[in-house]
Amino acid sequence: MIRRLIEGSLILFSWAAGLLLTLAFLTLVGFLLQKGGTSLGVNLIFGDTAPLDALLLRQQVFDGLFPAIIGTLLLIAGSMLIAIPLGIAAGIYMAEYCRGRVKTFFSLLFDILAGVPSIIVGLAGLSLTIFLHRSFSAQISTSLLISCLSLALLVLPYLIRTTQTALESIDPLIRMTAPALGASRLQNIIRVLLPNSISEIGSGIILATGRCAEDTAVIMLTGAVASAGLPRSIFSQYEALPFYIYYISSQYSGPDELRRGFGAAILLILLCAGLLLTALWMQRRLKTILLYR
Amino acid sequence: MVSSTKIRTQDLCFYYHRQQVLHDISLDFPAHQITAISGPSGSGKSTFLMILNRLWEEIEGCSISGNVAMELDGELQDITSRALSARILRRKVGMVFQQPNPLPMSIFKNIAFPLRLASITDKNQVRHAVENALRQVQLWDEVKERLNDDGRLLSGGQQQRLCLARALILRPEVLLLDEPTSSLDPEASAAIEELLLSLKSQCTLIMVSHYQDQIQRIADLRFEIREGRFISSRSDCDGGNARRQT
Amino acid sequence: MKNRFHLFSLICATLVLLLSSSSGALASDLAPFTGQQGSLRIAGGTAHISVMKEAAKQIIQSNPKIQISIAGGGSGLGIKQAGEGLIDIGNSGRKATDEEISKYDLKLFKWAIDGVGVVVHPENSVKGLSSVQLQDIYVGKISNWQELGGADRQINLYTRDEASGTREVFWKKGLNKGDISAKANVVVSNGAMKTAVAGDPFAIGYISVGHMDQSVTPLALDGVLPNLDTVRSGEYRVSRGLYSLSKGEPSGLAKLFLDFILSPSGQQIVAENGFIPVR
Amino acid sequence: MDRPHSFTEYIFLTAAVCSGLLTAAVFLFLLIFSLPLLQNGELTDLLLSSWAPDKGMYGIYPMLMASLTLACLSLVISFPLSLGCSFVISALAPARLRRFLLSMVRLMTGIPTVVYSFAALFLLVPFMRNILGHGSGMSILTAAPVLALLIAPTMIIFFVGSFEKVPLSATLAVDALGGNPIQKLLYVMIPQAWPGIINGVLLGFGRAMGDTMISLMLAGNSVSAFNSLSQSARSLTAHIALVMAFDFDSMEFKSIFVCGLLLYIFTAILMLLLRMSTLCLSGKR
């Protein structure tokens, strides 16, 4: 009897939890849309500058999200450019070459790195900057490059792990096929193992991209600023969407700016959700697409 | 039937994580014959095959002792020696697995794969070699219209013949077969058996099998291994003669 | 991207010269920037940001080859980063201490005067405070609006972070260096303070006079309301200069930028943003 | 290792070593900068005193407590929520609803933390102010539910994943005996899947400790030691973000590095625990 009661209340409780989570999610999205929906439009991105002029870099955009969007895209591109080769190469090493104690040690190291809070990665980036600034050149300061390096460090363990798991989960039979035909280890990796795990690695890369796009704590310590226009080089400071949202939350001067903040929040969610969906789709489809192209 | 020795093992022992899998195996394999290795599962038959093309080196925690000599390019060579690269050896010693293992690529690319590994890129040459290999395994007529389809879309028997063609395209001197018909239906098995017999002139075949009737039908010689030890050798097999006469 | 900029620079120069005449700045004040290029890093006091942004906008529209990045972070950060040479111009809402000036060899430029006023929610019935009451509130001795003639609700204290120049001035001149209760909520900018107080009917906080608008009500301190007139005349005593500073004598773009802020066009921007120009 | 080392292997090895060195470098940076404080034996002082730089006190005790309280509280909220949701997803809901919920949870993992806190700042903060009747509305109680919402998807996905790994034969056995879904959960799936549940909780806790934006924007950032959950507080991560220091020699700078070191060590211990629990359990099976 009591058992029945426990079971019944557990069912009730579970449904309530599911409902609560769904409600919280819908409230969040609904609230953002309600507050920022009206601001969505060309004006949100380009302010009072003509979009074509802005896109052709003829004119700088003020009072628009254009510099922040470009800044975020550059951040993603830069950090992935650093992280992808390093992460995949290290992942290949972990899966294909590394054995025994060394492997245990490295895995633990990467696990720790994966768990390190992003603010600490930012702090490391900041102290690196100050260190370089003091010991080499007074010109060195927080910049796009430092942020990209820090963000790359943030997503590196993730890429390593994805690559490693993808390679290790390949069917042993497939793994043996190419060596039995006279392939060298490298040939096996490049021609068989990597193409076979391309979906997993690809979706891992996309998810890592999402982390680069959303992270605020790293960039607030390493070079994101309130207003900078488009970055001229990798050594200049920049604007970015997540930092813009944080900045607006504390510094907004009027309802117009606040609406822009909500607009930025919607854009960032769209960007991240888009990346996430691409990753999920990729997991299922990429291999097939590569095969039947 | 008198034939020269193609492979000779002496006091061959094999260890996996300090556990001995094979004990002092000393055997001679005659050239251009089908030698069957039989025995209960887990007795080390497949391991023995993997020694002959050094595939065991790809698996962690394995080690070996003893001698394995193989006659390659007319010369007797110690295949366990570091001086012989595993890649070269494996191009001369083909292997077909129990499960058909086409790679996730088109039929054509699957067969041409070993050529690509050996950096043979001349398109004409590759096309000819692929066609020849497919004809040899009697798959050409079935797949010539769909060479660009995924290899995994073929039936089990076709897949196994595809793998056989892939193993043959580099014209190996020795062909290792690890229960090549056990995942196939009787009809497909018969086709494979027929093929194997036709290959005897081209190479030396060593086949792991636990089908007594299959061994009877096609093998010239049979070695039995139990718990990693060599038990008996019998040459009362038919070697495919009976079949050929009927 | 850089190449694009070179490509369009000629078109831009003419295009933007036309524009700049319409954006309110005198062309002569922007003239020194012609032919200049490079980037300028500005950070520090949050009260300064609005002025800096507008000035940057006018300069960049006149010469797109110049990049100006503006960050907040508070006066302390402005002084430290400028001193370390991490930025070209630091903004500070307080005078740098002698120790800081000598340690970093800082040069200070005062370009506006600003008052720091105590603000409450518009619905609050309390209209004025004495200095002593203000100190008691911030130290936590007075903790209910009832004691000041308001509703029977707890006083919600708001203060700024330690890097804030506004906090420094308020603490020195408003509280006579009295303690600020550790229970006070910390916000990180003038804008955030305004937002927080505007959204909290029982709040008390302090912001720069330039930031005041209808969303919050200033309280008279010892009978003097903080506004532009009383601050200019010196009648309202919790006031400060808004400074920009550089490490050593400013040079290049930094010097041009500071000159522009002190030019008639720059001072007009200062006035438009609710601060009192120094010239 | 007995196999020949190739040139390419060295390239891959270099990449792995570089990545490993970076991890160590972050730790060393933190250690070197906080070393002076650790050597002077000021660590206990630092850990147990409060933050008042104008009085020469650089303690981080209040922040440490705030971080721990926040993380624990959000876990207390999030754990039952996540467990309930994973029950619904794994056993109770019909297939279509199950797929919808799972995609929603996946989508939630992609929502940036700054967006969570931005929305909560204008939605939850005024609400909390009304409920509590005092204070600014920014408090531990405000930040904790948002933090709970942040870590819930991670935990749910972990829970659902470990339920899925329960062998089908086991669950079919219950079905064959006429058990209902919740009995299947209670008597078969949970007993089998609890290692996964523990790992999910550890990961969730780590995320809660490490998050910066939510506590920075919602917890109020007051530096005093709080004595009730409705008070404002500052977490270690927010402290690092707020105390921007640029002078290697200043006490502020060293003190935030001690914060960083604490968080790093905490992460390392957590990962070791995770690893040990995984090893122990897989060894037992």
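The chains carry the letters A, B, C and D, assigned in the order they are written, with residues numbered from 1 in each.
In this text, a contact is a pair of C-beta atoms (placed from the backbone, for glycine too) under 8 Å apart; a residue touches a chain by one contact, two chains touch by 3 or more.
Just so you know, these numbers come straight off a predicted model, no measurement behind them.
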Shortest walk length in steps over touching chains, chain B through to chain C: 2
Maximum centroid distance from chain C, chain identifier (CA atoms): B
Chain ID, smallest distance between chain and overall C-alpha centroids: A
Rounded Å distance, chain A centre to chain B centre (Cα mean): 48
Separation of mean Cα positions, chain D and chain B [Å, integer]: 54
Centre-of-Cα separation between chain D and chain C, whole angstrom: 37
Gap in Å, rounded to a whole number, between the CA centres of chain D and chain A: 18
Residue numbers of chain D (touch at least two other chains): 244, 246
Sequence positions of chain A contacting 2 or more other chains: 99, 130, 184, 249-250
Numbers and ranges of chain C residues touching at least 2 other chains: 84, 86, 187-188
In the complex with chain C, residue positions of chain D that touch it: 50, 52-54, 125-126, 129, 133-138, 220-225, 231-232, 234, 242-247
Residues on chain A engaged by chain C in the complex (per definition of touch): 56-60, 62, 129-130, 133, 138, 141-142, 225-233, 236-238, 247, 249-253
Chain D partner contacts - residues on chain C that touch it in the complex: 73-74, 77, 80-81, 84, 86, 153-154, 156, 158, 161-163, 181-188, 196, 199-200, 202-203
Residue numbers on chain A that touch chain B, as the complex places them: 99, 173-184, 187, 191-192, 195-196, 287, 291-292
For the chain B and chain A complex, residues of the former touching the latter: 53, 55, 58, 60, 86-88, 90-91, 94-95, 97, 99, 101, 103-105, 113-114, 116-118, 150, 166-167, 170
